[in-house]
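The same chain A turns up in both complexes below, where it pairs with chain B and then with chain C.
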Partner chain A sequence: MASLSISMKVNGETVGPMDIPEYTSMLDFLQEYLNLTGTKLGCGIGVCRACEVIVEDDNGGLQTLRTCINNVGRFNGSNVTTVEGHAQRNADGKIESLSPVQEAFLRHFSFQCGWCTPGFVNAATVLIERLKKNPVAKDKIEATIDESLGKHICRCTGYVRYFHAVRDVIESTPGLVKEGD
Partner chain B sequence: MKGFRPDRRNFIKLCTVAGIAVFAAPSLWQLGRAGQADKGAKPLHWRGDGADPAFRTDGVAKVTGEKIFGRDFRSADMPGWLKQQHYAFILRCNRVERQFAGVDWSQLPEGAEPYERITAQTLADNKFALPPFYGEAMLLAEGETPHYYGHAVAILLFDSFEKYATTKQALQFNESVIRYGEETPPYRRDPYASWRIIRVEGEGGPTGEDLYSPLQDGIFFPQYRDRKAEWPSHADQAGSVSERGIYYAQEIRHRMEREAAAGNWHLVEGDYNTQIVEPMMMEPEASNGWFDSDSKTLHLVLTSQSPQDFREMAAQMIAESGFAGRVENLVVHSGFVGGGFGAKDHSIFPYYGAVAALFARAPLRLANNRFEQFQAGLKRHPFRMHNTLAVDKKTGKFQALLAEMQVDGGGRQNFSPSVSMVGASAIQSIYYLPRNDIISIAHQSMNVDAGSMRGYGTLQTMNAMEMMVNRAAGELDLDPIELRLRNAFETGWRNTQGAVPRVGVRYREMLERARRHPIWRERAERKRIFEEENPDYFFGTGYAIATKDYGTGAAAPSSAVQFDPEGRLSLAIGFMEMGTGTQTSQAMLLEDILGVPAADCHVAEIEAWEALQQFQTESPYTMSQEHQDRMAADPLWTPVVAMASSASMSAYFQSHVTLQAARILFRQGLVPAARKLWQLERVDLSELQWRNGALEMAGQPSLPLARLAAEAHRSGLVTGVMAHGFNRWDWAEADFNLNGERQTWVIDGLALRRGGGAERPVADEYRVLKRSAVRYPPTDLNNAMVTYYAPCAALVEVVVHKGTGAVEIHDLQNYLECGRPIVRQLVEGQIEGGVAMGIGHALYEILPPLAGGAGNGTWNLNRYQVALAKDVCVWKQRHEILAPESDQDPHKGIAEVVMVPIVAALAEAIFRATGKRFNDTPITPEVLRRALNPQVL
Partner chain C sequence: MAVIARCRSLLAGEPAAGKGKGWAMTILLFFLFPPSITAAQPLAEKGRYIAAAADCVACHTAENGRPFTGGRPFPTPFGTLYSTNITPDGETGIGDYSLEQFRATMRHGKGPHGNLYPAMPYTSYYLVRDDDIEALYRYFMQLPPVENRPPKNRLIFPANLRFGLSFWNWLYFDPEKTLAEPAGKSAEWQRGSYLVNALGHCGECHTPRNFAQAMRFDKRFAGNVLEGWDAVDIRPQSLRRQGWNRAQLRQLLTTGSSERGTLFGEMYRVMQHSLRHLSDDDINAMITFLLDDSEALPERPGNSESAAQNYPGGRGDFIAYCAGCHGRAGSGITQAFAPGMDNNAAIRAARPHNAIAVILRGLPAQRLDRERARAGMPSFHRQLDDARIAELVNFMRAAWSSGGAEVTAEEVARIRHSLEEEGYFSPAH
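Right, the complex of A and B next:
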């Protein structure tokens, strides 16, 4: 079995270099090599998006990537954030505060079983970060959320509470909404 | 550190099964939280300051990716386990028409071979056989005919993830790794179950004595010949239960023919078919097991909804195997369930995990990927129905219903008998039927086995009824809601089984609300305007209503409520958390009675069972009245000790016992403490009330819970109550001697604690208090089948593209009557989630049967379409939860009913839009396109 030398940052911590079998998916890397199981296997073929994580591009922009269909090599050298990396923690690892998206999902009772939640947290976070640079017109908020989260599958709660939570974050965060078109 | 010492407090011994001690480990929720989020820290406290909780108790864990699900845990996470992690997967047949001729082991990739290949021969050598509930042939033996698509043939064990992943990649879709031999006839067996519900009302009408009904007369069964059910044919009005039943069944048919021929009754007759549906719970099944041979202990981490039954059945399986003596302890860890929908209730999967772990050299992880979950996971039963509904043309009153249901249970029996029964008893929906003959037969087939998936047969049959009612309204030129109002069931009337529902019904109110809604009132005008403005689309409006029974006829919940000297409340329940928010809602229930919610709610707890010292004997469904009467004399006997978790069972059944335990704790612990502090001889309970966490009585200083708790502890009063209830469509109640006073509580088992803390309940801190008398619901209530109902309705507008047949939901109004919601937001989430799943059932989700179906191992979400946000009218859909009629209304189980009426409402809306009536689901865009454009291939 050929292997790849892998190193990256995950939730701010340097990982590797490690020799990883070349056909290893990023999801398996996170789960079986780093024991980070917050990123979930849903379908394993890139449809449900429960496995999405955030990757920072060269310009500091954020994008989501599906870890079940992307090889670990795709992430080599990247700065990756998983669902475990959003909350602020103290030196003991205890949570001190949540991100606005996490907080909104809580307050809206957006999920039930919570298996799809990591994918929604990451996708919504990327959307919010994108809107900080490119605000959305008020009448385009819902369409923008549809576009960003519309492919995610939730089997318990029927999407309504996720979508409304994200709309609340967009409307209540200064600078994300522009006047007019 | 060694992994297991039976004397350690953190494993709770439940029982001994055939020499194997069965233990429940603390919930993985607790394990996952150790060293994690500070659960008490503001602003992250779930309770918040409002009337409703700020968020779910498990919310922080779920938005931060904590390990809480069974699938999350690896050996490194499990205290005391060997840290090395091994892996396994299962090879399965994807054909059934030829003998299984063995595995071509030469296809194993070099250097990645499994260290163990478990086959049927391995199981036979070690005398492993499945528990009877699951049938035979856990692994198919060489030379045998596969019983169904996806029948397992081997389990391969690997000592590294790399080898496992390499081999799985090479074999999973490899058509040649399993060899097939001679053609063989299909594997067949008798139907799993057959039911017949015949009822004819008597002269007294809906409330009077029936001429014949299951509740009054009992039930009878067919003979099986050539794998088919043959019902008795001899009819005799004065004969046996079957002869009388056949007599009245024939009478119904004769009357129907006569009245139809005379032009008095209108008959709506048709075939109504539903599809095989994949539950598609988001967490695929997994297990992690370690057989610690030194301590003769098998540890298992499961994703099961029903760990209680698994523990006992797995212990029995091992005790009867060649591993008897080598395994002395079975420890089962349960995590949160990442979606269940019934797919993890009595699934066969954990048994493969348990057996495989026994042959492994280190902790072994067996985890389905999604293809495997499709191939082997429990499905929703498809129903083929032929139904006839007779309606009086003058009055619009339903006169009779005939139904014949063929239910495909797949390759293993599982819950097919009860699903077919519940489906049959549910078809009446919200309607009163003076005459009915409903036959339901659950068949074996070569499809993947079906189980207790959400809906449990009622989704299938009630939607058929709603489709018939909508059709009847159209054919009789009646307003569909008006027709429903004329036939709506009333409180106190008899259902198709002859039983009287125990919970009041508010169908008329729900119907009237929809009738007044603009979507309904203005439907003709809206259609005209929309179609004028959008000539490429049809527009239509549909309505349907359903009422879902909930309960099993043998519910047996347990709760333990306790407080420490600081007034910190904790609650333990036997239920799992499957996502519905049980943990949150149960914790909130205490607030009304004890002033504050539980600071901790321990789910999937078992300790109460041990403290209560209860035992059970025969099946609660089949035991005789004499057996029940005789056994009930033993104050520790109960019909059922523990029950499986299902989403619809917590709000009513679990809540009942939680509330009973809380009330006893209030009466026996807090009220005496208040009396002491107020220095009163007695207090009138009606004068007590909680305000801001303090107990108040006019003229007395208010007493915070902490003060009361301290006094209760100081004075040796009751500080913890464990209770167990039993419900067979009615609750058992028992008398207890409490402080010299005989008190009656609606439970059948009780244990009390004095002193102690507020952490997880400890069994030996409690002392059982034996009942002095008990009154169980009579065994003949088993014939009633179901008597608890919660109704739901959907009013929907659709637009249908004339060219593609694609359906878009234009607007959607849902209605639900759930009694008193415990946590409103959780109920709303259930409504919205149920609607999404119902839309999937109605419009998109389908697995073909047999060779092209899920059992062939190639199915996944790339071609199995579930509803996405764009499909559910995500920004516009609304719901109305009917306000409770009183603060005494029950908390009703609603997790299933919320997905039902949208199905028939959509079918009707599509008919009103296109003029095409569909009786079968799903009505996919392709089905519609072909119906609308038959000239286009």
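Right, the complex of A and C next:
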């Protein structure tokens, strides 16, 4: 099978160039080649969004992409963040502090089995970053969360606690909510 | 119950019991089974079928509205039209229509209140037979009347003047013409022709229109871009060239998907409301007409090796962006999830519009019932630029079809621009 020469940035570190069979899914690439097993295979057909990672687009904006239905070639040369890349780590790689989204998910008991959590963490983080640039009106918070996380599937806690946690982060972080309209 | 009570009181007030009973029974029977309705019942039942074949409900129902009560908006170059209430409500529906008026409306676009806009396909329905018109009339008249006044049309001058439509009709509409019935064709073909041309009014979408929005009969069924999709060329040669056979067409028209391609946009709703309710015989007749009795064309499959050489970027993007769902070498991963591209009609079509538009717009998930649902497709208008989409489409066409003219980035840009103008790109990716 033909190979591709792949190089990208994953969680701030340069990866590659390395030869990868061209039909390798991004999920397999993360798990089998980079040993980043935090990104989970859920449905495998692009529906549940457990496998979403963050990719920086050309304008520096962030978007989520599903890694089960996209092959590694789509991510070639891009800047990728997986669930392993959110926490602050010290020089030895030990976790010092979690990101605000991760903290909020823990505080609100948002997940039980945790399989869908990487997808929720990434999508919620992208939402928070977006709101830092474009704050949301107070009465649109609910709709905005739904727009970002509504397609993610969770089979344990019924979404409410994820929603509460994200709302908490949006309301407690200065500058994400604008007054009026 | 009120009728029975009334008959009882009549009975009680009548001294000559035996004779009175017979008289009262006649009244009772008259009230319970009025002669006009008993005679009309099978006709109304036939009318229900005709209404399905003519797909009345799709246009005469607003989103989430009650069937046949109208109010669905139709954006046209001249403004927005709203479909009418066709339940037999006297005030807001067609309750006052005589059969004659109903016929004139259906056939000639002449309603009791003035000319109809040709969004109502009287330009096809003029071919509907008398007995079918009457059956339709009986069917609609026995529906429950619903009071519902759809919004007023919002049209620009001079299109807002209904009398102007007489001129339009004079120019473009010739109701004297009859359905061609070529002598050499089978009875099944003739039935199919009637279903496709008259009741199904397929030509209304699948025939190109001129600047005044009149169908160009010199190009009947040659395809037309509507709502951002190509309502494809459905002439026999074109369908044959894409490799359609009877079984695949039957599956497509009755379920919305087949190994050769899938229905989307308005055509999916046509299947949902109309085609899947038709009898096997009628579907077969339509297929006989559509494929004509013409010979199957020899397969001219593409060449994936030379396609890969000619369009390496297109192949790379197919693997990176598409193959996760559409499978290695475009073989697809079940029809319900992601159909194969290696024998897909949109890839094989002479016009690449739908292949490009699907990539740009994506497709919504479809759910016919519990067992027949299909996954949607994401849109790629943010991720892939015009040149890459052109190369991707060129790769697919070269690899898996007999190939058409090469797609250029300018062509993709034109389609992207018009889709954007018409607001077909969803805000979220």
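Heads up, the rule we're going with is that the second predicted complex is superposed on the first by the 181 of 181 C-alpha atoms of A that agree within 3 Å, B and C clash if a C-alpha of one lies under 4 Å from a C-alpha of the other, contacts with A are read in each partner's own complex, and residues count from 1 in each chain.
The rule is short, and it goes like this: a contact is a pair of C-beta atoms (placed from the backbone, for glycine too) under 8 Å apart; a residue touches a chain by one contact, two chains touch by 3 or more.
Fair warning: this is a prediction, and the values are worked out from it, not measured in the lab.
Steric overlap between chain B and chain C is absent once the structures are superposed on chain A; the two fit side by side.
Applying the stated contact rule after C-alpha superposition, one finds that A:Ala165 touches neither chain B nor chain C.
In the superposition on chain A, A:Glu147 contacts chain C only, with no contact to chain B. In the superposed model, A:Gly93 lies in contact with chain B only, and not with chain C. Put simply, more of the residues of chain A are touched by B, taking chain B and chain C as the two choices. Of the two partner chains, chain C is the only one that A:Gln63 touches; chain B does not reach it.
One geometric descriptor of the composite model is the angle centred on chain A: between the Cα centres of chain B and chain C it reads 90 degrees, in steps of 10.
By the document's definition of touching, both partners, chain B and chain C, reach A:Tyr23.
In the superposed model, A:Gly73 lies in contact with chain C only, and not with chain B. In the superposed model, A:Val47 lies in contact with both chain B and chain C. Closest contact between chain B and chain C, by C-alpha atoms in the overlaid model: 5 Å.
Residues 23, 45, 47 of chain A lie at the contact with chain B in one complex and at the contact with chain C in the other. Here chain B touches chain A in the complex through residues 35-38, 41, 43-44, 54-56, 58-69, 71-74, 76-77, 85, 111-112, 161-162, 165-166, 169, 280-284, 336-341, 369-371, 578-581, 825-826, 828-830, 832-837, 860-862, 866-870, 872, 874-875, 877, going by the rule given at the top. By the touch criterion stated above, chain C contacts chain A in their complex at residues 316-317, 319-321, 323-325, 328, 333, 337, 375, 378, 382, 428-429.
Interface residues of chain A facing chain C in the complex, by the touch rule stated above, are 4, 22-23, 25, 45-47, 57, 63, 68-74, 76, 147. On the chain A side of its complex with chain B, the touching residues are 1, 21, 23-24, 28, 32, 35-45, 47-48, 50, 82-84, 86-87, 92-98, 102, 105-109, 111-118, 121, 142, 146, 149-161, 163.
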